[in-house]
Every structure is written in C-alpha cells, then in structure tokens.
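Structures given as structure tokens follow.
After this come two complexes, each holding subunit A, first together with subunit B and then together with subunit C.
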Partner chain A sequence: MRSSLVIAAALLAGSLPGTALAQSNTSTKNVGIVGTVPIICAGGTLTGGNTFDVGVLIDTTTGFLRSELSAPDQTLAGSYCSTRTTINVVATPMTAQNFTVTPPEGFSRQVDYTATASGWTTTPASYRTGEATNPAATQSRNSAFTGPITVGIGGFATTGGSALRLVADTTYRGTVTVTLTAVD
Partner chain B sequence: MKKLLGLSALVLVVFPAAAMAQANPSNTGNVAVNGRVAPVCILGGPNPALVDLGVMIAITGTRAGRIAVLPAQSVSLPASFCNFAGSQVTVTANALLAANAGAPPAGFARAVNYTATAAGWAAGNAATTTAATANGSSASSTGSGPSHPLPKLADIGVTLSSFSVPGDNLLVTGNYSGTVTVTLGPAAVAN
Partner chain C sequence: MTKRNNLLAVALATAVAVLAAQPASAQVAAARVAARSMPVIGSTPQVCAMQRGRIQGGALININGLDGDTLRILQLTDPQTLAARAASATISFEAFCNFPHRVRIESQNNGLWPTDGRISASTTSTAFAYALPYQARLTWGDTNGRLDANAKLRQISEQRIDVNHATAGDMLLRIEVTQGASNTGVNAPLLAGAYGDTLRIFLEPR
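After this line comes the complex of A and B, so read on.
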C-alpha cells in the first residue's frame, strides 16, 4: 500500500504543468489508484495431539458398545477468514476396515457419532452420521473472523441399534471434514 | 463355562488439514477417526446351572442296584456369541464320581459315564463321552466341534445322555457329582 502511494504522488507531480512557466491556465488530471485484497481463509493448525483417544469401543463383558465413550476435543488454532463465511462439517461413520461383508444377525460393523465444529459461529456446526439430513451441518458468520475452531466427536451409537454387537476388527475408521468457505 | 475376553483399544487419529493457510476462499480439513474392536466370545449363563439326576439306580427288579435308564438332560447357554470369524466350541466332561473316594469292592463301581454334546454353533456338534473306570480314574474327556466361519450369536444347547457304569457294575452308595465345561473361543489352528 505504501509503495503505491509513492508512485501515485510522483505521477501527480509529473502531470502538473510547470509552474515556472507562469502560464495563466492550469490543467489538472486525476490518476486513479486501485488495489485488491483477495478473500482469504485459513483453517489453522490442528492442536491437541492429533489423536482422538476414545479408548476401548466395546464393553468386553457384554460385547456391546461402551456407553461412556468420549474423546478429548481437538482445536484448529489460527483459523481466520477475511470476509463473511460458512463453516461446514461432515463425517463418515466409523466402519470396520477388514470385516467388509454384511455382518451376521446380531452384529454390526459400524458406529455412528456426532461431529461438531464450534467457536466460529454462534451455533456450532454439527453433523451426525447415519442421519438422512443434517440441517445444522452448515452455519454462517456475517463478518470476518479469526479464532480457534474446536472439533469434537461424541454420541457414539452402534449402527442398526444398541441390541447389536460390533464385529471384531483391528481398524474402525471414519472421517470428519471441516470446511470454511468465504461468501462473496 | 469360560469366557474369552480380548483386550480392545481404540485409537482415534486426527490428521490436521495440511494446507490450511492458503489464499483460498475455501479451506477444508480432514480428520480421520480410527478405532478397533478386539475379538470377544461370551457364553450365556447355563440354564439350568445344575443338573440333578436324582436316584440313578434301579431300586427293584433284576437291575436293582445297577444304573437305571436315565433320560437325557438338556442345558441351554442362551445368547452366546463370538464377534469374529473362526470360533469353536469345546466340551470337557468329567464322569460323575462318588463322594467316597475309596476303592469300590469287586463288582461295584463309583463312576457314572455319559456323553456330553454341545449343539447349535457350527455345522457340527462338539461331543465327548467319558470313560472313567470302576474306581473313578480317567474320568475326564474332551471333544471339540468344527470352526464357524463368521461371527455368531446363538443359543448353545448341551445334552447329557447315554449314562452308563463301567462294566455295568453295581454302584456304591453315596452322592455323586461331575462337571461339564463348555468353552467358546478361537478355533485351534492346525499345525
């Protein structure tokens, strides 16, 4: 910005008629100066160990999903956007990666949960896997903002109902995706 | 009844958005969520937990003092399950032995043999027949069923049948007791 003003001043000076010529008329020209600040959004850096540690998925005395599952929140620090924005969160269920066939009666190979992204909007963006619709998944903010985004997961439930047990598998995997989008 | 309990640990890994600081009006961060479920087998509680055969000998007639015809006995282990493929039922039976451990006189026995069969799990049953001698030695025997290829939830039915006495001897007086142990767990791996 500063260098642009210097150039403009020089141009203005050059456009003035030489006063030493003592002409009776003066001439003035305007040179426009324009600049652009692009919309920029940055999601920040994830802190919190990069790991949701929920612990053991099942109660080994019953085979059912543990009722007290929880995971510490993760934080996206340094997030900012230079204009109004929407924040969106989507997630996929935790699914057995090795046991890929349809489980037998009485079993499930999937766990649903709710993912939330809070701190950016008044109402956190929230997405529950397995739901037909997630109207709270996208939230809007009408101003530029910088601040941390807290990402959390919770509300774990066995897909198909609590009467089902989870098949053994070394890896159950899901994904949470948080998107910041500038709104022109 | 035995339970196979596997330790299970869940690790959820979060991957930060690698390129979040780009001059872009839209930024996306992906978070992977990982976990695992350990293999677990649990047998339902046996119903009944105790099989009472009552009086086991004929009281009158030509077989007085010798084992009577005892009806088969059924025990259910409801809602037994394994959450992994390749599980197997094993039955270990111990013949009923007289509480009096003394050697029986000639012509007498202190053991009652029987066949224990566990059904309802794999394509074939797990079965074994005890072969205790008259004095009660070698009272234990074990049999296993085939492997089941998928996780399973089912009632396992155990039948005790074909009660007999070594040599069809007379049974010594007293209280008799035996045990049946049902094990549900990973199928044995052939060498």
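After this line comes the complex of A and C, so read on.
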C-alpha cells in the first residue's frame, strides 16, 4: 500500500510541472492526492515450537492426571493492528484421538485446561475449556498496537472430575486459537 | 490548458485514485482479522497398577488376617481328626488398568503343599493326605474368574481372564479351603507339617 502512494506521487511530480510550464498563460488546476492507511492486522510469527506438548498426562502409579502438568509458553512475535482491536482466545479440550467411544466407568478421555493470551491488552484474554461461558475470552484495545503476544496453558483437570482416570491413548489433542480483529 | 493536458491530468488523477483505492478493497479486507492456532498434545501410556492387599473384615473364617502378603490359617486341621478345617478370607486390592487387558491368577503349587519338600506321596501311606486343594475366586469390575487349585499335581496352574475395557476399583480375591478337603479323600487326615502356596495375580496386556 505504501509503495502505491509513492508511485502516485512520483507520477504527479514528474508530469504536472512540465505541462504547466508549457503554457504561456497561467492556468490552475487542483489535483487531489489522497491516500489511506488500511485497517490491517497481522498475527505475527510463532516462536516456541508452535505446539504445546504436555507429555505424559498421568501419574503411572495412580493413573490419575499429573498435578504438575505444564508446557512452555508460545509467543506470537511481530503481531500488529493498525487500529483498535479485540483479541480473542478459544481452545478445545485435549481429547483422546484413538479412543473415541464413551469411556468405561471410572475413566475419562478428555482433559480441560485454561488458555491465556497476554501482552496485547491490560487484562489477558483467557478461555477455559469445558465452561459454558467464557466472558474473559475477548478483550478490547482502543488503540493501534504492535508487540508480542504470549500464549500459555495451565490449570489442567480431568473432564468429569478428579476421581476419574484417563484411558490409554497415544495422542490426546486440543487446539488454542488466538484471533486479532480490527474494530472500525 | 490543451485537451491533451486535460486528458493527462484526468488520467493521472485516475491513476492516483486507483492506486489509493486498491488497498481499501477486498485485498485488505481479509487482513482485518489475523488468527493463529496452536495444537496442544499429550499422551497416556497403557498402565496397570495394583496396591497391596487389604483383608476384608467380617468374612474371615479360621484366618486372622494378612501378615504382610501372607494369609495365615489359624488351625489347618481338626485336632481330633486331623481332617482339614474350613478356612476362607477375602482380600481386596485397589487396582486399575487403563486399557483392555488380562487378569491371570497363578498358583505356584496348585494347592497347599508341604513346605518341606521331603514330604510326598512316597513318604506316606494312602490313608493320609499330603496336600490341600483350595479355590480362588476373583471379582474385577464386571468380570469374575475362578481358579481351582485341586492339589492333584504339584505344578503351576493358572486361569486367564480377558477384560475388554479399562477397569478401576477394588479387585476382590476370595480364598476358600473347604471342610475335609484333601488330595486323597474327603476328611482324610493330613500329614504333619507346614503347608503353603503362593498365589500371584497379574494384570497384563492381552
């Protein structure tokens, strides 16, 4: 977009004076030169591996969810929006990918967690899977901004309650999605 | 200004307008929203685990309780007849398997046999018994199994039970020696000595 405006200005500078000087009498014409800065948002580049890898989910002695589960934060570097924005984070529970039927009594096939996106707004956007509502999932910023967004997960809990164990499965998978939306 | 110059000015103005207008069109509209998705992954290995056994109170006959992992029968025989006395107990094991699995009950001796290996059929008359049969009944989730350690031969005997789904809870094991049990005849007197067996329970992949 910026390059387009520069080209336009160069054309005017190179052509208009020449045409004006070629006339013997003064004649004035107004030529409007306009440009717009578009409303644009860019999500930036992910650093930190692009994946939250929690590893083994259970205490192999008890079969229950490990209490110390964690994964390194991911960073969205170079994110920007040219106007005021909202940031939204949504997530899906970690769900067994191969064990797809209803688990037997005493077992669960899903893990809930909280995903948080911070750095863009004063109050981080956060979303807890399994909750009926997530009012903090969307946060607003009243000015243009550029800066890194730190995305983290935590607060893991077995869906259905801590008395349930997780069924064996080589892959439990969920997704965290962060969205920047320009606001007119 | 000549017509040619007017046309040039109009053309330039149009060029400016076009150049300025392009970014504001659909090209940029898509950039009003930027989203990034990150997968969250983990795994749960296949695991079975079993805690130490706990004696179930209220169901003990001729057995005091667990001594470590040993079930000790108080009076193995009737002091008058030397025939086996009934004895039974139920032991519970807190356990889980988070995948379809198998339970294997294994008796090392196939009955209660003399711990002194010198006592055998060749060292006694047929009037005496020298081994005691017993039954082990197992309840695990919605599965039941039974091992008859019949004391016919001193050998390993086992029972395998497939369990088609993950199971968690208390595994119940009931051990029963019936009144008058022996490896020769009912109520046969038992040779003097200490008798024992080792019963093993395995939770394992099928």
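We adopt the following convention: the second predicted complex is superposed on the first by the 151 of 184 C-alpha atoms of A that agree within 3 Å, B and C clash if a C-alpha of one lies under 4 Å from a C-alpha of the other, contacts with A are read in each partner's own complex, and residues count from 1 in each chain.
Operating definition for what follows: contacts are C-beta pairs under 8 Å (C-beta built on N, C-alpha and C of every residue); 3 or more make two chains touch, one makes a residue touch a chain.
Note that this is a predicted model, so its numbers are computed, not measured.
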item	value
Which superposed partner A:Met94 touches (first subunit B, second subunit C, both, neither)	both
First (subunit B), second (subunit C), both or neither touched by A:Ala182	both
Which superposed partner A:Ile40 touches (first subunit B, second subunit C, both, neither)	both
First (subunit B), second (subunit C), both or neither touched by A:Thr62	both
First, second, both or neither for A:Ser27, with subunit B first and subunit C second	second
Subunit B versus subunit C as contact partner of A:Asp169, first or second or both or neither	both
Interface residues of subunit A shared between complexes with subunit B and subunit C	38-44, 46, 50-58, 60-63, 71, 74, 76, 79, 91, 94, 96, 103-104, 106-107, 111, 113, 151, 153, 165-182
Contacting residues of subunit C [partner subunit A, same complex]	1, 5, 8-9, 12-13, 15-17, 19-20, 22-24, 28, 31-47, 49, 96, 98-99, 141, 165-169
Partner subunit B, residues of subunit A touching it in the complex	38-46, 48-58, 60-63, 71, 74, 76, 78-79, 83, 91, 94, 96, 99, 103-107, 111, 113, 115, 151, 153, 165-182, 184
Touch list for subunit B against partner subunit A, complex	5-17, 20-40, 42, 81, 83-85, 150-153
In the complex with subunit C, residue positions of subunit A that touch it	1, 4-5, 7-8, 11-12, 15-16, 19, 22-23, 27, 29, 31-36, 38-44, 46, 50-58, 60-63, 69, 71, 74, 76, 79, 81, 91, 94, 96, 103-104, 106-107, 111, 113, 151, 153, 165-182
